[in-house]
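One structure is given below, represented as structure tokens, and several questions about it will come after.
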Amino acid sequence: MTEAHTVGAAEAGRTADPTTRPRSLAGDAWRDLRRNPIFWVSLILVLVVTAMAIVPGLFTPNDPLDCTLSRQHAGPSGAAVFGYDFQGCDVYARAVYGARASLLVGVLSAALTGVIAVVVGMLAGYFGRWVDAALSRVVDIVLGIPLLLAAIVLLKRIDSDNPTVRIGAVVFVLAILGWTTAARVIRSSVISAKQQDYVAAARMLGAGNGRTMWRHILPNSLAPVIVVLTIALGSFIAAEATLSFLGIGLRAPTVSWGIDIDSGRTHMRESAVPLVVPSTFLALTVLAFIMLGDAIRDAFDPKLR
Amino acid sequence: MFRYIVRRLLQMVLAFFGTTLIVYALMFAGQGDPIQALAGERPVSAAQRAYLTEKFHLDQHGVGGFFYRYADYVTNLLRGDLGESLTGRKIGDILAQAWPVTAKLALIGLLVAIIIGVTCGVVAGIRRGGVFDNATLVLTLLVLGVPTIVLAPLAQYLLGVKLSLFPPTAGADPSLYALLLPGIVLGCLSLATALRLTRTSVAENLRSDYVRTAKAKGLPTRRVVGVHVLRNSLIPVITFLGVELGNLMGGAIITEGVFNIPGVGFNLFRAIRTEDGPLVVGLVSVLVVVYLVSNLVVDVLYAVLDPRIRYE
Amino acid sequence: MSERIVRPRADQESGGHLLEVRDLFVEFRTRDGVAKVINGVSYHLDAGETLAVLGESGSGKSVTAQAIMGILDSPPGFITGGSIRYRGTDLLTLPEEERRKIRGKHIAMIFQDALSALNPVFPVGWQIGEMLRLREGLSRADARRRAIELMELVKIPAARQRVRDYPHQFSGGMRQRVMIAMALALNPAVLIADEPTTALDVTVQAQIMDLLGELRRELDMAMILITHDLGVVADVADRIAVMYAGRIVEHADVHALYEAPAHPYTRGLLESIPRLDHKGQQLRTIRGLPPNLMRIPSGCPFHPRCPYARQECVDVVPAVHRLGGDRTSACHFAEEVLDGRI
């Protein structure tokens, strides 16, 4: 059957009218995003939390570690908007300072996840064959490990109370268990990028494997990964808080929402405020990142709507 | 079908050894004093030291010794002998007591997810873009975004302590009613995921060609949706829920800890806090096995539900 | 139930046609705007004959069929005008429940891609029998027996063994036979075949077309054959309606049309068929692309692609010219094109 024989040679013809301006995917996505209130709300939340993490002093003059038992569960006052907790620490100041550890763990874990995922996904997608088969099996196995259980086992081995060591350990554990989804995303976008003409052209012009991978394929595979990592960042923050809540993540003197939620929970019959405030901060932060990623993904993938 | 199951079974055996090896290696490899590692920061009595040395063959050294001990551990695990906790209780006994409670809790969670999640998901999928659909989308996003460590204590505080609708904590030998609130909290996440999955699946299937065929056959709409669309849409949902049952049993650590429910998760929660190494290893090992088995069951279920896989 | 439809009424309005589409308008309302997909289509079908509806994708041929069946997705599709009469009754004014009873029983349809058109999770026998059980009240066992008979009717080998198989276990041609068996289950008077062979290999295409022709004769059905392939219609169809941009641009007996087209678009289509007697010559194609249905060109919608277009074609929508008998052409210069003067 030749193309000319059949009348329907022009499947794409319906949109091919010269007067229609061809719209780019990014342009469409941006137009959708701009009209999406969820996008704006989450973006503002993310910016506020980021500011809190970088310059907490802007949000509160108080020191989160300045705790006096005589102020135990004292109510709100001009000095402390939400009053004091069981230990007599400023609830609001602690919640503000808690953003730093959460965001630090979230961002570092997402970054490390991104690195592992890019390397694994790129190698698997680019070389295919046995490399792909082997790496895909590794992904399957890691994906099959329940995250919380594995984190418990791994973190139990870290005895140090040094804040840097603990943050490093949590970041390492989250990244080592959490890179699989991003790697799969990279792998599939590398596979489709590899088949594009410009990649074939680059290779024909003598670009080596390394150059083809990093200069030609990677930039075109990054967008979906950034979406995945944004959502992952939210989950990592939640996971950090959960581990700290269990007592195997971050530990005092580091200020973490997870630790505060745990102590607030223990004393909630006396006062609920020290439970509610860090809970709200944590929930809003996690939600903000997940909603942001969700909104971007929806905008780029209208099929899902 | 038979070959498919055999293949899955072999994969599971492989995954079992892989995961237990990892768990074991992480717990014990390269430690200065493995006994102290097990015990954490607590002092170890001479009797305990002797018991642990004997039990874990700690007199053997090097890589050979490690695998010797690992083989021991797997053999014991397979025989159902999980050893003793640092408090001297048999881990098998602890599990036997805790298991039914956790299973009950997980089933409540799953039931909540099925009844509410799947029903709302079907409605949202049929009326895609409508008010109900958008409302559930936002609600599920909220549920998905709020971590359990926020949800569980807040639910306990608001519904348990403040409004006294539910008992705030369950305690030993909990009634079904006492398990209801924790069950709902536990099931929330699965509910949200199940709802979204059902919605997407129904919406996608409604657009598929076979729906047009079914309409062209002159079938009533309720049969087109209720039989043709639903039968296809529920394949991913059911497999998800199957995996989720395994997750719920292992994932109840926070919920059981917060609500004081004497299940497996609660014991693990307490073991972590009291730094009871052998108990943590024993419980985690069992939970990993449960997880693997539930994955296998789901794979088989998937093959039963989808003829395209069955006749692969 | 549908008694008043089954028994032919006086039929004076429809001029005795079995099925008549008159002045049908359909538009698709999407986020990006309104696409005018069908713009005043009229055609008719008499008992026992085969009408081929020919057109590019997007010409509206399938949408017309879906409107006849009443399975148009709405939204986005809306019927904004016209009538569809089956044995004198306007289907568009019937309540949904009555329309549903016509589907499959009076008018049945088979689709292009049988793999996706069949439900993947039910055995084919079950899918054929489903209609018999639900519409005719047959028992499970009777439905299966009848399903096997139908599968034998469409020449599926070893039907008795295959009745329990699932769609993906069949080859492309066999799957299309299953579709046909399903469509024939309730003995319809009209069969609409929407590109029944497009997804198939060339050799299998011929087998399916032969089977359709044979069954149509045996069961004395009328058939609407929707296709974009001029090659398949010649042997099967009695008449051809050529569609472009949601309109019928030419309508004629098969032989008359092949002999001398009366519309430049039809002529373009015929010239783009490879022919043995023109070996060595360059194959002609129609220049340009089908129109964007959200911005249908002024005047004659074909004018941007028409080699003979004049100012009149840009300004005035051509009327339907009657060229004797059933033959029509929607071209300002229909007579000239027909005579070969243009």
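Letters A, B and C mark the chains as written, and numbering starts fresh at 1 in each.
The criterion applied here is as follows: a residue touches a chain if its C-beta (ideal position, glycine included) is under 8 Å from a C-beta of that chain, and two chains touch if they have at least 3 such contacts.
Just so we're clear, the structure is a prediction, and the values are computed from it rather than from any experiment.
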| item | value |
| --- | --- |
| Most widely separated chain from subunit A, with each centre as the mean of CA atoms | C |
| Between B-C and A-B, the pair joined by more C-beta contacts | A-B |
| Separation of mean Cα positions, subunit C and subunit B [Å, integer] | 53 |
| Interchain centroid distance [CA atoms averaged], subunit A/subunit B, Å | 23 |
| Residues on subunit A engaged by subunit B in the complex (per definition of touch) | 38, 141, 144-146, 148-150, 152-154, 156-157, 159, 234, 238, 241-242, 245-248, 258, 261-262, 264-265, 268-269, 272, 275-276, 279, 282-283, 286-287, 290-291, 294, 304-305 |
| Of all residues in subunit B, those that touch subunit C in their complex | 208-210, 212-220, 223, 228, 231-232, 235, 305-308, 311 |
| Touch list for subunit B against partner subunit A, complex | 15, 18-19, 22-23, 26-27, 31, 37, 40-41, 129, 138, 141-142, 144-150, 153-154, 156-157, 161-162, 200, 247, 250-251, 253-254, 257-258, 268-269, 272-273, 277, 280-281, 284, 287-288, 291-292, 295 |
| Residues on subunit C engaged by subunit B in the complex (per definition of touch) | 66, 69, 71, 100-105, 108-109, 111, 113, 116-122, 130-131, 134-135, 166, 168-169, 179, 182, 186 |
